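Consider the two complexes below, in which chain A is the common component and chain B and chain C are the respective partners.
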Partner chain A sequence: MIERVRYPRICPVGDQALLVEFGASYSRRTSRQVLAFDNVMNRAPRGVCETAPTLKSVLIHFDPELIPARQVENWCRDQLAEIDWDTKTERLREGLRWKLPVVYGGEHGPDLTEIPGLSGQTERQFIDSHTSLDLDVVCLGFSPGLAYLAELPKIFDLPRRQSYGRPVPAGSILVANRQTVLPATPIPTGWRRIGMTPVPTFLPDRKIPFLLAPGDCVRFYPVSAKEAEKISPETFWDRLEHARSQD
Partner chain B sequence: MPGLRIEQIPPGAALQDEGRPGYRRFGVTKGGAMDPYALAEGQALLQNKNGSAALEMASAGSRFRSLGCNLVVCTGAEMKLTVNGHRAPWRQTISLANDDYLEFGAFREGTYGYLHLPGGIQGPVLLGSRSAHAQAELGWRPQIGDRLDPVAAEWSDDTLRLPPPDYFSQRTIRIMAGPQTGLFREDDRRALEEAEFTVTATRNRVGVRLESTHGPMDAELGTSIVSDAIVAGDIQVAADGIAVILLADCQPVGGYPRIATVISADLHIFAQIPQDMKFRMRLVGLDRAVGELSELRREIATLPTKLEPALRDPRDISDLMSYSLIDGVVSGED
Partner chain C sequence: MPVKVIESGILTTIQDLGRPGYYHLGIPVGGAMDRLALRSANALVGNPEDAAGLEFAFMGPVMEFTEDASFAVCGADIPAKVNDVEQPGWTVIDVRSGDILSFGFLRSRARGYIAFSGGIDTPQSLGSRATYAIGALGGYEGRALQPNDILPLGPEKTGGRAGKSIPSNLRRATSASTKLRMIPGLYWHRIVKKSQLNFFEDVWTVANEADRMGYRFHGGREMKFVEREQPFGAGSDPSNITDACYPYGSVQVPSGTEPIVLHRDAVSGGGYFMIGTVISADMDLIAQLQPHTKVRFAEVDMAAALNARASRKAMLSEIREVLK
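Entry: the complex of A and B
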């Protein structure tokens, strides 16, 4: 028996976190509400330690000795009541807009050759679609810095492989389920690997070690392997530090 | 330079401190020592700062050679500890002379033991922590031939000890309901408190698979759940209906439903329950869970007041005739 739930819903997860859910599953609308609310949490009261968006919710981690759960919950409810979550969410998003180079196909994207059989698109059409949209960084998870980017057209509704192959390298461009995943470390995966970005997205020794953050936007553009060699990752990371220093 | 040379080390032994909070939104969970109380005991015994790292061991079979003079202390799950083959005390500072060797044998209780050095053990700091996180490939897992070096250059040779804590015998773990508890069948929810659970051999820092007298739970709803945030302590029911308690190194998001969550104050107690041991779970409310967390933090904060000078047991002293019986005495003004 599945109970009907009204969203947004707030519920404790253990004694040091609340989960604010905006829907039962991922949708573009839900995700935009999640990102907007996550942004509002920048103004959270003392005692709220960190927040993390997922595909459909925001986890709020707090110190219950500094602020009781009820107080965090009331603060969240006040915020939720003030905002028209259907129309105003766009304005509340504050992320960086990235243009990231990708070498598609070949040794950098060995699964691209399977695409015509899976999607009915030519490789060219598929790459054109993949590079024609601004994708939301909806959340990071699974492994450090791994970004979930959404939402892609129906032709990207590709099945995942049943089993995991050899780990794919950091920077792989993976597709399945109308999403693109960009891992920042080597990971095992059942997603299709269609390309590779020469820009690292996780540099542990940097002051800000992760290039992408939830709420950012990414548009990919195709480059040849030769062009990729000439790209300096520094320009991306310098931009990140410059932008965050303005915050 | 003081330090320890690693002559033997079991798989999984790694540096741990309080972990790396603040990176969850980037896909990194806090991690850190499986038993923060034991970590704090070592820090108190050596007057180390918060954030200092210790070597966490979940298996027997470590052997270290002292390079120069060292001071060490071991906390957490007690193992058979010897220095040059002679029994050595747990939860008590031990002075090592050059070339002494320190060996860790079988566990007498618990699951995670800790070796501490003055100021903590040196290691690379990644994202603000020295904690190793195997799945995320963060941090340092020392190998045979590596050195463990103390952060502090000097230390007091006072022999201090702490009384053993009582949580190693605790076999009731307190849990709280969570966002998905209501999705489970009533008999599965009841089983949380009524069934007896057993810690299986399938365990690591990510989680512990359980067996129960209730049998597998209804996993049908598992297929309808979308990935959502998970926290350490979440009791996840996978597709096979088996409950897994997620621990420090769990991923920040997971796709299986969670029937309940272990309260923060009992996480280290659960982590220390040995394999094949039975335990029960009891549901408590949020206020109780927070009260227990405050109590645990207070106990940790007051550890330095519980330090006591250790007077050596004459039976442990092989060269009693040459041993100065005055040195260990502490004046009333100290």
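Entry: the complex of A and C
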């Protein structure tokens, strides 16, 4: 028996949530549809409390005392039927474009030494590809403010470790399964840690506490540990506040 | 500055009803695992039901009152003591400055909730006082309590409630026949029909990994998966999916062996498939299961889930009525 699922699909998630899924896996197109649909959800009827976009789906929390699940489902179904999602995605708001410094290898990226064995690339080649791409911030999640970045070429199709090691620090640059993630807090992980950015992406006391948001674009550039010390995170955070105040 | 921690107990944290609205940033809703117990304790001492109190697991803290106050303990069956004299549970107790609150041994269930008159008045973080230790948010400096922590209480709104009590029929509790009701869905289609049937037939035992993030169960038969093409971004195990959000109450089964019901501090997403969601009315009960307890899962539909929700709500109204 082979799994067969049609997308987009709406599935119930207990008695106070629904999931609208646009595909079985991430693709740029799927992800853009997810973000466009998440925007549309701003107009959802009363009783819909919160939505959360992910790589391929939108989770919708509602209060069943205020709105029946059936009604949320029908509303979503109508939106899905009425809207041409590919046209809609063209009108998505331009996110911010970030250039983030990364110290690769050494104590900042101890798993980089495993890369030649896993991918057939030298460490240098691997860093060159990792810094030559504009990556989309697809969603935040797993842990507070952890950013999922896509999409990486096939050489980044590295297996995750089967078990979790000691927690990695906030700012770690992790790779696996053709994605990079950037945790904003310390997390346990099975992903490979290849570097570290000196720019914090979560400052809880800021008005906007997370630096990155879905729809943003990130390009990494390599710096030495010495250069990293001279980088002022303030310039990044000031830019964020300036940009958001223009919205 | 009326309550001082002398001994911390186990995983004693400040909790309220949580911080909804930040899930899209990776921050779970958090808050008391047994919400009805916290609401009951707050209602007893005359607090708003969403006031912050303490949650502890298996072993209570020892605390000294440095001002007159009142408190109530709900949830686990564990005797509270004032100056070593045992006090009834689910009841308002008045204390004087200098009195010591301590606990005897746990008799049943798992988590106790202490509400203090006025509520714990630590600063809010993202709209809530709930401790989310993994993200170091809320609570007392974002962590579980330690000896010598001093908990500020808000101004007391009501008094003269000593002796008020919640009758035993309104103390919701787990029993030997506890069934956790689940609505199948999400990636239910990933396992074969036989495994779907087995899941509800098998007896599952609460594992030692049973905490604010989730409850793991073992003892049931291993699941068999429907074949598929490995989706982009998913791990190679058949239980892996392209990372998705993990809703509160959802049941994930890494490698198809031991189901984990995700509770209030669960990570907001990840790469394991989920077979369904435990209904909201039963999530409080999970918080009161001790490791090694045997339970079964029962399949229900939305209508049953809403009925269960309504009866839980009716119970809460009755509690409010009794305490008027």
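Quick note on the criterion: the second predicted complex is superposed on the first by the 185 of 247 C-alpha atoms of A that agree within 3 Å, B and C clash if a C-alpha of one lies under 4 Å from a C-alpha of the other, contacts with A are read in each partner's own complex, and residues count from 1 in each chain.
Heads up, the rule we're going with is that a residue touches a chain if its C-beta (ideal position, glycine included) is under 8 Å from a C-beta of that chain, and two chains touch if they have at least 3 such contacts.
What you see is a predicted model, and the numbers here were worked out from it, not measured in a lab.
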Would you sort A:A52 into first (chain B), second (chain C), both or neither based on which partner it touches? both
Tell me which partner A:I67 touches in the superposition: chain B (first), chain C (second), both or neither. neither
Check the residue A:R160 against both partner chains and state whether it touches chain B (first), chain C (second), both, or neither. second
So, A:L80: does it touch chain B (first), chain C (second), both, or neither? neither
State whether A:R178 touches chain B only (first), chain C only (second), both chains, or neither. second
Output check: A:G14 vs chain B and chain C. Expected answer is one of first, second, both, neither. What do you get? both
For A:C217 in the superposed arrangement: first (chain B), second (chain C), both or neither? neither
Contacts of A:G141 with chain B and chain C, given as first, second, both or neither: both
Both chain B and chain C touch chain A; at which residues? 2-3, 11-17, 19, 24-26, 49-57, 59, 61, 64-65, 69, 139-146, 184-185, 204, 209-210
Flag every residue of chain B that touches chain A in the complex, lowest number first. 21-28, 126-127, 135-138, 176, 178-179, 182-183, 221, 224, 226-229, 231-234, 251-253, 261-264, 286, 289-290, 293-294, 297
Seen from chain A, its contact residues with chain C in the complex are 1-3, 5, 11-17, 19, 24-27, 49-57, 59, 61, 64-65, 69, 139-146, 148, 150, 159-160, 176-179, 184-185, 204, 209-210
Which of the residues in chain C end up touching chain A in this complex? 20-21, 23-27, 125, 134-137, 183, 185-186, 189-190, 192, 226-228, 231-236, 241-245, 247-250, 267-271, 276-280, 302, 305-306, 309, 313
Tell me, which parts of chain A touch chain B in their complex? 2-3, 9, 11-17, 19, 21, 24-26, 38, 49-57, 59, 61, 64-65, 68-69, 139-146, 184-186, 204, 209-210, 213-214
